[in-house]
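So that you can tell them apart, the chains are marked A, B and C in the order they are listed, and the count of residues begins at 1 in each.
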Amino acid sequence: MAAASISTGRPKGGAAVWDFISKWGLITLLVAFPLTYAGIDLANGDGLARIGNNLVAGLSNGAIWALIALGYTLVYGIIELINFAHGDVFMIGSFTAFALYSVVGLTLATGPLGLVLGLLVILLLSMLVCGSLNVMIERVAYRPLRGAPKLAPLITAVGVSFILQNVGILWFGSSQRGIPDLIKAQQELFSIGGVEVSRADLLAVAVTVPLVLLLTTFVNRSRLGKAMRATAQDPEAARLMGINVDTTISLTFLLGGLLAGAAGLIYALYQTNVWYFQGFTAGLIAFTAAVMGGIGNLRGAVLGGLIIGIIQQISDNRIGNEWTPAVVFAYLVLIMVFRPQGLIGEETREAG
Amino acid sequence: MSKLAELRSTRWAAWLPAIIAVVAVALFPLFRPPLDATMSDVIQALAYVVMALGLNIVVGFAGLLDLGYVAFYAFGALAAGWFASDHFSKVNGGEGVHIGVSEFVTTAFPQGIHVSFLLIMIGAIIVTAVAGAVIGLPTLRLRGDYIAIVTLAFGEIISRFAANGDEVVIKGYALSNGRESISPIDQLNLPLVGEFDSATNLRLYFWLALALVLVVLFVNFRLRDSRLGRAWIALREDEVAAASMGVPLVRTKLTAYAIGATFGGIAGAFLGVYNNSVNANQFQFGISIFLLAMVILGGLGSIWGVVIGAVLLSFVNTYVIPDVLDKGSFNNLLSDVGLDFTFGEIKFGVFGFILVLMMVLRPQGLLPERRRAIELTEGTGGDDAIVETRA
Amino acid sequence: MAILCLFGVLALGLAACGEDEEEGGGSGGGTAEGTELTIYSSLPLQGTSKDQSEAVIDGEMLALKQAGEKVGKYTIKYESLDDSTAQNPGTADEAQTADNARKAVQDPTTIFYLGEFNSGGTKVSLPILNKAGIPQISPSNTAVGLTTDEPGADPGEPDKYYPTGERTYARIVPKDTIQGAALATIMQEDGCKTVAIANDKTTYGAGLARNVETSAKELGLEVTSNDGTDRNAPNYRSLAEGIDADCFIGSGVTGENYIQLFKDVAAAQPDIKLYGPDGVAEAAFTDPKEGGIPADVGARTKVTVATLSPEEFEKQGIEEAAKFFSDYEAEYGIAKPDPYAIYGYETMKLALDTLEAVGDKANDRKAVIDQLINNTKGRKSVLGTYDIDENGDTTLTDYGLYTIDGGELTFDKVIKAKG
């Protein structure tokens, strides 16, 4: 994973050239998207406010995807499994958060102090619920399959995903459900040169940044974090060094779940809308983000999340809402073809 | 050896159960009314068998994890939509193109492109083979899960194009009709058999589906035992070793994708005609996963296993859950236990549960390919990251 | 290997022989057998349309109960079918709808098919039922192309749904040329000069959007955009920001994530007026307590539905309506039913009254169709007095305009559509 370099050393010679070209080619492609539209705007005399708004919305949406992407990347880094159910764990987090609104007694009339305290409580509870859910899933569905062919845990993950979605359907029904706009998410906080920053944007950043920092510190500095990195690098050797691989894996799932739970609450506050199917779509997007940044790489996941968020918003705004998934996935394919290790990922054991 | 033992050891004996099954299935429609719902379910199941066999070639034989198979189904269905309906109504100055179709169609639908079903099949095969190769190209240098991601991405991109096809207009011809469906699609009209009619008699469609399955099975068996099939298996087991033994990697992989894709195209074209409409709602990611589950349930790379897996899952999905479990007695069972919902509402979760159960209990599938079974029972380790004996 | 091929050929050979066997249960109008007749209803019972479908069923069953489940010497059996599936909840699944239609065809006692709920579903079931000669009434289809080729229909419609050339389908709600005109009229009355449209890309939503666009242009309003929306998108903020008009109409159903769409448009465009069609005329959309649009958005939204309020019905002298509302409350304990409940009631009542009108020949599908399409004139019903024209359309054209008050649809006035 991230900080300690577990790569096989920097590529040399011809490979280094290709590495350089692909990296900067990719960056150019990504940057070209907003720049082209900025250019068009300026040419039309419209100013940069529109693209600025897209960027701000993209960053805050992207923060949510980043949190979920971290969960994917952590799990993949340690056991090389695409945890299909992770998006649905996020959905359960949103549902839990919404359910807790009334339990904690938060309504549209609650004052700011009560709101903040209440939301903190809900944040912790959602995180715990999702964390434990994730650990339980690992224990029940993935651990028995460690020796099985790669595809088996993939299918199990899908099965778990279906089960979670059904739980969602039974919990809040099969339609999208509007939920109270507790923090008045769309209300503008301030505006710089026509670019609006709303409360929701601030919320997304305010929750994500500390969590990501906490996570990276934990992974890089703590003993358990070191155990995680060791297991990711070479599980056999880790075991020989006395690391309890099973516990470490469970811990990884726990961390992923905690982040998904936090993302769930932010999503609920930001979108004011929950749906049993949101996890599936969010999962695909977050997974794309993780891959884009470099799977197995924490900074990559965050970067990927933000980038995808921006691409989505620009595509929504310029090309059309219904084409956005195609645009996002087209970028994914480009990255996979030309630079499978993602933007900043090192070579993991599986990439090309 | 006794006469009986001698008989039993002949080659044909191994086929006997399969032959009996095929005959039984073929005779089945004669005992049911012409519009029977069970027949309709079986037709769906047969179409899924064709697709699952196609996916089996890519995932089972060649070991390339394809999560975007629904794209090929979409291409097949769209081929039916383009070439057997009024969709391209402006073609030929509004006069339409009619090749090999019945009188009824020519008079009732003067506009649009209407060609015989065999031609549509050929068209679908060509389109999907090319699509398969194109989708396979980016994955050539990738390994393992990354192939899954790219194919998944392509699957989503193509279903997006199908859903928004009404906005993609080239020279006045729209790509598809999105979610408003291209309908009606011409009924089948085969040269010797005459015209089909899905509104009055499903038997003909049933037998056609069965014939398609048989043809596809035949192709599969020939492929498996051919040089190409062995190249695929070599590719699956160890790519580097295969390359060093002279297996042309690129060609082998692309052929796997292309051939696997054609089965999806065939099934897609058939279903498009059978359902009488082509609607982007049909092209959901869930289908790719459904097919993958069938292949894995049956046993990766095992042809009969995949057939059984496909039939089983299809039946659970279209028959057991809605028609058996969702009726009175079971629902009463649920409410007796104090649960407030019907079986239909938890169908999804039950399905997922079945998947999990199957995988945890028997990941090699119901009828595993012999190589796989040996691998798992004797444990050759492979390249799995964490080797741990199952509790 | 050869044997398998042999069987393949044999199977096809059997097919050739099998072609001349008996056709389905009565093609081209047959006689239903016996003295028990079956009425099938096909609605999406899963997903986002569940509540509306159940209201339709409640209405249908009330009408049936009031008739004592008998018409003349025939007893009526009612069977409710689901045309949605778990994979495709909230709308008509094509394969499932075809199965429902075929089930009705196969049953020799079928005399009426009440469905579909979604216009896209009827596209699938109508040709099958038409071939079999089974009369069909829809409680809610509004797509123009199902009955006429007026603007809004695709080329080839409506004939492609009637392979026999005869009409066998009727509907009790006006088609969307009327709703489009109604919406355009009300927008013009409210002072809109420019209109932005969004549609959910289904047969209903996209079709209605086209009708609104045509009618708006006829009335001199400028249509600035007509965007398709994707149900899976988490939000529509960017779409909302791109809108540049006085008024917005979201042409779709609640289940296509239209709650979120309306919220986002309201937030991004603080001054825009919001309009919705009957696809969002339900409590799930209007009531914030059930997860619908918040109160401040609801205050800016107006909805059109082809039903009038009990008070308006009374004002127009339709006593049947008042009776319906009180009967409904007595039976189900709901004072303000979902607008679709009354459609369900009228659908069943029309069916039953048609059967009664043909008397002893109620088991003769052809006679029933003839009565339904050609002889339903001046019918006094809970929706008002109307005819069924030769296309199967109702002659009712009243649309009710509703505002949203306290999370509920509140009748405002009748819209007499222009053009």
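To be clear about the criterion, contacts are C-beta pairs under 8 Å (C-beta built on N, C-alpha and C of every residue); 3 or more make two chains touch, one makes a residue touch a chain.
Since the model is a prediction, treat every value here as computed from it, not as a measurement.
Colleague: Give me the ID of the chain with the smallest distance between its Cα centroid and the all-protein Cα centroid.
Modeller: Going by the distance between chain centres and the overall C-alpha centre, it is B.
Colleague: For the chain pairs A-C and A-B, which is connected through the larger number of C-beta pairs in contact?
Modeller: By number of C-beta pairs in contact, A-B is the larger.
Colleague: Please report how many Å separate the Cα centroid of chain A from that of chain B, as a whole number.
Modeller: Each chain reduced to its C-alpha mean, chain A and chain B end up 33 Å apart.
Colleague: With centres defined as the mean C-alpha position, give me the chain A-chain C separation in Å.
Modeller: Between these chains, centre-to-centre, one finds 41 Å.
Colleague: Could you pull out the residues of chain C that touch at least 2 other chains?
Modeller: Residues 46, 201, 228, 230.
Colleague: Chain B: which residues touch two or more other chains?
Modeller: Touching at least two other chains: 163-164, 167, 345, 347-348.
Colleague: For chain A, what residues touch not just one other chain but two or more?
Modeller: Counting only residues that touch two or more other chains, chain A contributes 320, 322, 325.
Colleague: Can you check the complex and tell me which residues of chain B touch chain C?
Modeller: Interface residues on chain B, with respect to chain C: 12, 15, 18-19, 22-23, 26, 29-30, 33-37, 40, 44, 86, 89, 108-109, 111, 163-164, 166-167, 177-181, 183-184, 192-194, 197-204, 207-208, 210-211, 214-215, 217-218, 221, 275-277, 279, 281-282, 284, 286, 321-322, 344-345, 347-348.
Colleague: Flag every residue of chain B that touches chain A in the complex, lowest number first.
Modeller: Residues 59, 65, 138-139, 141-146, 148-150, 152-154, 156-157, 160-161, 163-164, 167, 285, 289, 292-293, 296, 300, 341, 345-356, 359-360, 363-364, 372, 376, 379, 382, 384-391 of chain B touch chain A in their complex.
Colleague: Would you tell me which residues of chain A are touching chain B in their complex?
Modeller: Touch list, chain A to chain B: 76, 79-80, 82, 140-141, 144-156, 158-163, 165-167, 169-170, 235-236, 245, 280, 284, 287-288, 291, 320, 322-323, 325-326, 329-330, 332-333, 336-337, 340, 349-352.
Colleague: Of all residues in chain C, which touch chain A in the complex?
Modeller: 46-48, 50, 89-90, 201, 227-230, 232-239, 241-242, 254-255, 257, 259-260, 263, 267-268, 284, 288, 290-294
Colleague: For a test of understanding, state which residues of chain A touch chain C in their complex under the given definition.
Modeller: My answer: residues 50, 53-54, 57, 61, 172, 174-181, 186, 267, 271-273, 275, 277-278, 281-282, 313, 316-317, 320-322, 324-325.
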